[in-house]
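Provided herewith is a single structure, encoded as structure tokens, for subsequent inquiry.
Chain nomenclature is as follows: A, B, C and D, assigned in order of appearance, with residue numbering initiated at 1 for each chain independently.
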Amino acid sequence: MRREGEFRNPSGCAIAAEISREGRRFSAEKIIESMIPMHDRSNGLGGGFAGYGIYPKYKDFYAFHLFYDHRHIKKEVEEYLKERYEIVLSEEIPTRKIPEITDEPIIWRYFLAPLKSVLRSAQLDEKEFTARVVMHINTHMKGAYVFSSGKNMGAFKAVGFPEDVGRFYMLDEYLGYAWTSHGRYPTNTPGWWGGSHPFGLLDFTVVHNGEISSYDANRRFIEMFGYKCTLQTDTEVMAYIADFLLRREGLSPKEMAEIIAAPFWSTIEKKSEEDKARLTYFRTIYSSLLMTGPFSIVVGFNGGLMALNDRLKLRSMVAAEKDDMVYIASEETAIRIMSPEVDRIWSPAGGEPAIVNVKEGAY
Amino acid sequence: MKRVYVHEEWCLGCHLCEYNCAFANSGLSDMVKALKNQKITPRIHVEEGGKIHYAVSCRHCEDPMCIKGCISGAMTKDKDGTVTINHDKCVGCLSCMLLCPYGCITTDENETVLKCELCLKNSCGAPACVQGCPNRAIVYEEAEV
Amino acid sequence: MMKYVIIGNGPAAVSCIDGIRSVDKNSSINVISKEAHPAYFRPLISYYLEGKSKAENIYCRDEDFYEKNGCETVIGEATALDQDNKTVTLKSGDSIVYDKLCICTGSSPFVPPMKGLETVENQYTFLTIDDSFAIEKAITKDSRVLIIGAGLIGLKCAEGLRDRVQSVTVCDLAPRVLSSILDDECAAIVQKHLEDCGISFSLSDTAERFEGNLAFMKNGGAIPFDVLVPALGVRPNIGFFKEAGGECGRAIVVDNAMQTSIENVYAAGDCVEQYDISFGEKRIMALLPNANIGGYTAGVNMAGGETSFDNAVPMNSIGFWGLHMMTAGTYANDGGARMIEEKGENFVKRFFIKDNKLIGFIIIGDVKSAGIYTNLVRNQTDLSELDFDSLIKNPNLLPFSEKNRRKTLGGVV
Amino acid sequence: MAINFLLPEFEVERSDYRCIRCRVCERQCANQVHRYDPDADVMLSDETKCVDCQRCVCLCPTHALKIKKNEAAFRTNANWKQNTILEIYKQANTGGVLLSSMGNPEPFPVYWDKILINASQVTNPSIDPLREPMETRVFLGKKPHEIERDENGAIKTELPPQIELELPVMFSAMSYGSISYNAHKSLATAAEALGICYNTGEGGLHEDFYRYGKNTIVQVASGRFGVYKDYLEAGAAIEIKMGQGAKPGIGGHLPGAKVGEDISKTRMIPEGSDAISPAPHHDIYSIEDLRQLVFSLKEATEYQKPVIVKVAAVHNIAAIASGIARSGADIIAIDGFRGGTGAAPTRIRDNVGIPIELALAAVDKRLRDEGIRQNVSLVVGGSVRSASDIVKAIALGADACYIATSALLALGCHLCRTCQSGKCNWGIATQDPELVKRLNPETGKERLVNLLTAWKHEIKEMMGLMGINSIEALRGNRLMLRGVGLNEKELEILGISHAGE
């Protein structure tokens, strides 16, 4: 059987997210629990979480999470990193031995500061530089896989049900102002740790439920810009697109939503002149980034998150508010676990993003 | 009313309209059986000379001279405006032929007076000449007055 | 509300009713009819005899026409017209008031005094359906019929009777048949055809006196007969109008609106003479299309509408046993008209042209699409607008300009 | 005349029972195959003149006619096939280059037919085009993506000039001259009704058709026929024709006999003169010369019109396209070796060029590899025959397709492939007024609109079953394709997997 990444791998899933607009930090306990009633949306072949604001002590350093298949490659990668970064901390990510999670690879994390001299000679800003380093390791260094690379945030994932993955990584002991989580139902893989969600690049992470029919159009477009889709999953391509649009093109999350879940022409017709011009512009130049087919995603980034459905809303997704908290999930039941009482609960319309920003300065 | 109009610029002079007309008015269901070895007497006819071709059939005039001149009351305009001929009344005097400014009234070998009566009953929706015209030179439509 | 009165009940009268009702749906219409029949097509009387028309098929309109159009029909004959009091007096003595009057009295047979005519038992004029019924009763398979007059009425009567009697003989003082319509040469063709069909002629000759069933001819012969049909002509029924001071020539003079010289009085049909555009003078054109158009025109104008009948020409389409002839307009060789002839084995066409306009034609035999010629006569078309030489040979729309055809075939006409 | 050794290619089979002697066949055959003999009351045929255009068959009201391949045959020989022998006879008879028209009829592989389309099942819903919006609008032109904002942070939305199409199809270049006025009018009016473009070809733009400018692509070919400022400004885009799939490397030739008053005026050449396009543009002997012409045309039209560069699919098409993508051109049109023509030397039509499917796949990949795919839109033609061919082309990476033969078929063409004779019985490839009038442009327009409306429905159906509701999500989406019966190399070039993978 071929390994994940060598073939297109669509999957169905469960997603959930919670965020404090005040930037209050809380543990992943609730979100882990919230995945339990959505157990049947996963099949045990992948689960994961992303937490934002979890490394306040190292918030100025790129936190790389890696899977290694073996020691040799770990050494090779560390050599490679050392040439480019000051490694502030290198440690095994603490895990809890539980019978539900087995066959784990070597799971390591590094806190990194890019070497100024290297940046200068590469003539790149540090984010672009770091993104390329991630791409290089994931593409060219067989047996190593960077699954988290942002600052003051981290993704944690494994083969297993998400509630087990959360316990495995002891996420109840981390505090973050935002959490996203994912339970996976892949239809085409024996399960590979790297293939689980969230998927991220730098501080952008994506948890995703759905199967985008535009995958190869999106992939082949984004690959023109130096991204290499090694996993052939929707989530991966979405994460790269998020990185491309939000970081490289400097667009806002709302603008990103207008591109990947662009309104229909018939809807654009009815907009104001200014909106019409912008939306037409987006649909012209970023036409290859339109995503069709069912999806519900939560894109996490430093300081906020965006939940978005495909423009036909072919996947369920519910949002709710309670005080400073905002909750997102595939099913309302998951939200009720995180917060039995809510002030408002709604189902965002297809293509209408729900964007939550943490108060400026609070993260 | 909907009428048959002929657009000379599109008429190819193929004469299919004449055969389709003769067939539609033959009362038979097979064209070969209807027209084989027959001298046809269609109610539409193609006039041509050099590179000009066009078909002519009853215009179903607003104020038809054929009716004015009919000595037997055989020629009448029905509710739709179609000018029809009642063969029980017609005595074959040909006054209608004398009066039709378009030369659209003809007779068959038995001297029965024939004219286009819009063969709508036997050709579904549009007259046979219109349906069979390969170049839409003959159309059946509401007039652009 | 107006009071319309129509005297007469033929095609002109019913067309007049149509004309009135196209404008005025409500006012009363009185029709004074001499015959007890609804209006019928007079030319059918010969076809009735011939068996081509059934008695029930001769009427101009449906049975309920008068009722539907709110007409009251009075059987009677007008004898006087009082233009000051606007009344018409009938033979019965009744008088009828009108606001607008239309005279459609048609014509009556003219039989000149002939010696011994009163001794002829079976003699019938031939102008009404009642005449046909009477003749039908009088004839047997063995009857010999003598018709005086080789005009249209006489010949049509001959056609109607041929198959029902032993023999039909037609005599006429004129040297040719249809002398008022045809020239010598054309008449000869027609006569020959009629003779081939079994009609006997005695032309340039006529009955001078009668003794019972024997007619003594001017040229000395004698013709025995069983039934006599004098068909010497008709006279318009205009006596009461003339007496009222209305302007008459040989018939009631009308203008293009079909109005007579008397205010509020109109006339149409066989009893009028009007302007013949092909001839350039007023004359009687006692023909069905003219009666229809004239009657309708009169009706519209009576009811306050405005229309005119300004292109009247005489026209005839006659056929005898397969030989058709058509004429229209004026076709005398005099008056500066030029004749163009087109002749073939079975046909003769003669066209009369004056001032570069077709003023009339005679066609014997090949009458196909002759209406195209008639139209030229009625519209006084300038012949330089088309290729007349080719039109003579083949009446179709090709000799006209494309623009003309586009208008004709591509639009409402 | 000495015997010419030729056999009639076709046989006219007439059912004498069915024939009612209406003589429609006789009147409608410009090749004078049919003739009525009044003495014998019989219809006769001269089969040597028949080109199998099927006009008589279609118009025969009693279906008395069949045109069949002549069964008379030379002795079977797998090497010296009958046609090969006949061609030798023809050349021995005349000493001339063999001429043909329309596209390459030889049995080369048709890759469209070896590619299959995916459909959604279970994990992903198909979308019902009858119930949900399904978008087929595309923009052709450069797609730069440097986002600029104004002082208020609003995005500046100025774009280089684009062609907007309601579906990713255009009628490709056919000149007035090679086809008739009525054929052009049909294409122009249909393009207008459909919200797409047609292409003037190299014959200039008839004055009557300037009004369809919004839906017109004006072509500048090596002969420069009919090219002047108003012409360049008339259309929605300007196409520089470097090559044509049916005859890569050679120019066009419109015989003087077809250059009547109207064509002479439109092409701006003397009446009756042969219109011969040189093989190359004599001002373009290199890629840098092309760049100059691209910018000359842009200068002339004040950068308001996208410039298309049309090339034939030849061996190193990927490299050529890469060069064009860097030349300033906005759109590259590639014409495959099966593309049609009004006249081409047979040997060239049948032996030069490469399949459009492979060319497209190679070019799209190359431009992406070089990161310059956004510099240009990609339009492909050369035998795009159906909605599924279009879907496959878009999925392989095309922005839009050019169709011409399909359009002509809709207008009545029966692919008899004798356009060069000028006696097109269907009124398409002819300038004879009597034949031209056989194509009523009202009917022509309606048939073209019908065809593309049907294709649009089918495209939407296919998009829907793939779970795609906008055509841009299909573009370059090669995962939606699988090959069958293709070898590794072919699959590699096409960039698709084999069915079952």
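Everything below uses one rule, namely that contacts are C-beta pairs under 8 Å (C-beta built on N, C-alpha and C of every residue); 3 or more make two chains touch, one makes a residue touch a chain.
Worth saying up front: this structure is predicted, and the values here are computed from it rather than measured.
Of all chains present, the one whose mean CA position sits nearest the global mean of protein CA atoms is D.
Our note on geometry: chain C versus chain D, Cα centroid distance of 69 Å, whole angstroms.
The centroid of the Cα atoms in chain A and the matching centroid in chain B are 77 Å apart. Separating the centre of chain A from that of chain C, both taken as means of CA atoms, is a distance of 102 Å.
Computed centre separation for the pair chain B/chain C is 29 angstrom, with centres defined by C-alpha atoms.
Listed by label, the pairs of touching chains are A-D, B-C, B-D.
On chain B, the positions that touch chain D within their shared complex are 9-10, 12-16, 18-20, 23, 31-32, 35-38, 51, 132, 134-137.
Chain contact summary for the complex, chain D toward chain A: residues 120, 122-125, 127, 132-133, 135, 137-139, 143-145, 147, 154-155, 157, 159, 162, 368, 371, 373-374, 397, 466-470, 472-480, 501. Partner chain B is touched in their complex by these residues of chain D: 17-18, 20, 22-24, 27-28, 58-59, 61-62, 64, 433-434, 437-440, 442-443. Within the complex, the chain B residues that touch chain C are 3, 5-8, 47-49, 52, 54, 56, 59, 61-62, 65, 68-73, 88-89, 91-103, 105-106, 111, 143-145. In the complex of the two chains, the chain C residues touching chain B come out as 41, 43-44, 47, 52-54, 57-61, 288-289, 292-293, 315-319, 322, 324, 326, 328, 367-372, 374-375, 390, 395-398, 402, 405-406, 408-413.
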